[in-house]
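Quick one: the structure is below, and I'll ask about it shortly.
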Amino acid sequence: MSRITLEQANTIVTAALAKGRELGLKPLSVAVLDAGSHLIAFQRQDGSSTLRPQIAVGKAASALALGVSSRKIADMAAERPSFIASLGPIAAHGIIPAAGGVIVVGADGTSVGAVGITGDTSDNDEACALAGIAAAGLLAQR
Amino acid sequence: MSRITLEQANTIVTAALAKGRELGLKPLSVAVLDAGSHLIAFQRQDGSSTLRPQIAVGKAASALALGVSSRKIADMAAERPSFIASLGPIAAHGIIPAAGGVIVVGADGTSVGAVGITGDTSDNDEACALAGIAAAGLLAQR
Amino acid sequence: MSRITLEQANTIVTAALAKGRELGLKPLSVAVLDAGSHLIAFQRQDGSSTLRPQIAVGKAASALALGVSSRKIADMAAERPSFIASLGPIAAHGIIPAAGGVIVVGADGTSVGAVGITGDTSDNDEACALAGIAAAGLLAQR
Amino acid sequence: MSRITLEQANTIVTAALAKGRELGLKPLSVAVLDAGSHLIAFQRQDGSSTLRPQIAVGKAASALALGVSSRKIADMAAERPSFIASLGPIAAHGIIPAAGGVIVVGADGTSVGAVGITGDTSDNDEACALAGIAAAGLLAQR
């Protein structure tokens, strides 16, 4: 598999939102991007604030931009705040240093896309992303 | 009703894509925006090119930006090309003068959001937007 | 094959520049992008003007953005100038309506990247792109 | 010599990538810019993430923008983080405070271009940039 299909992307979104409901989380926004950071599917739950689409897309695109999860980007930002901050203006969707952006990899370990979630705590956002990826039978980058 | 719910937005997207399949159209991208031009739901069918998310969102946002369908914006562009072109750089999602962006109105005629579709001819894109809005039991702006 | 390798991209660039020399063309700039419009390889010949990197990248990215060659985008711009012009501000690399941007497709017809060339006439730019793609044993989109 | 030729730029890129292989580094992206910050040559190795072109170009352009290596810009950012951060939005390619962007100077000490590398640690990125410049018989700014 070298691409995430729309059917798989919809499964990711649906399962991620189901996980959020199961955990009793705040309204979530879920974005699924292809390997080139172009949006495949997106849903924003009722009661979400206005920047959520950009944050969800931004987390996923940040992961693809640097090749690591947005959780690791948060770690990098703690160590090198000026460097990570400097990338925002040159990245089409910004660089978001907060968990919730997870790369999806194919069987050979190369990225085929990414999932970005925002709305609750970053840890919970990421847990829903992982649940969504698993529900679609896909692999999250280690 | 003063807002499009995520459930309604998903119905719009699903019905619009079903209409596209029924008509044998090319792969479509469908965006549903709230009254403030913020994305609620989006799906891009397999085989679509990379700018489709921006075009779908842009058509819907253009309609909300000027208060008329993107079909009417195309008419305006034919009459006043420089004026319509001048709005692109100052509109967050651009101004797209092509049919396929349709405002959704409440019972009192005020806008509650918009639908934007791209992928086939502008006329077909718009037909799918109208089918989606109708399937959700909502009203398209006249 | 689902990705253009750096080795293939370098072959495309080298062969395109060789074709330009063979035809006695002006200094060329050649960009090879992956399917998501991210740059793989680029060379600009001595004596080229300053915007050539953006034009070469822009032609290739335009083709991927709309799913057709930049030659066809030029045709579209002749028919619908306001629509094509409106896409420039919402496309990360702009939309360039001039031949010289050619999509590279895999065996299944899906795009795996694109080549963009600028420097001489659009027809000559495109001829060099096609020569480069053929030299790498790859397929140009029909 | 007042300009980096394409032949020299290709030598820089090839030698920098060879150095990276010799050191067993992660996939690198290498950009060579002229004195006006316009791209001459670029290569991104297989397996690199999507923002690498902008980071490589950004490091080289940052060096030219401020007249010092991007390593020194990192030092400046440690001392004056707000000042360096403020320059990102007004610089066409951003300002990247991390080693790996090195100015190339002529015999008279004036800049004739710059090299930017990203992919491994900043120190390793810079070592490859210096190796590339030396291989082309050029001088790195002290």
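For reference, chains read A, B, C and D in written order, and residue numbers begin at 1 within each chain.
In this section, a contact is a pair of C-beta atoms (placed from the backbone, for glycine too) under 8 Å apart; a residue touches a chain by one contact, two chains touch by 3 or more.
Computed from a predicted structure; not experimentally measured.
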item: Of A-B and B-C, whichever chain pair has more C-beta contact pairs; value: B-C
item: Chain A onto chain D, rotation angle from CA fit, given as a multiple of 5 degrees; value: 90
item: Whole-Å gap between the CA centroids of chain B and chain C; value: 30
item: Centroid spacing, where centroids are CA-atom means, of chain A and chain B in whole angstrom; value: 25
item: Set of chain D residues in contact with two or more other chains; value: 50
item: Chain contact topology (line, ring, star, complete or other); value: other
item: Pairs of chains in contact (touch as defined earlier), listed by label; value: A-B, A-C, A-D, B-C, C-D
item: Chain D residues within the chain C interface of the complex; value: 3, 5-6, 9-10, 36, 38-46, 50, 52-53
item: Contacting residues of chain C [partner chain A, same complex]; value: 2-3, 34-38, 92, 110
item: Residues of chain C that touch chain B when the two form their complex; value: 36-37, 64-67, 80-83, 85-91, 95, 110-111
item: Parts of chain B lying in touch with chain C, wherever the complex brings them together; value: 47-51, 54-55, 58, 74, 77-78, 81, 84-85, 88-89, 93-98
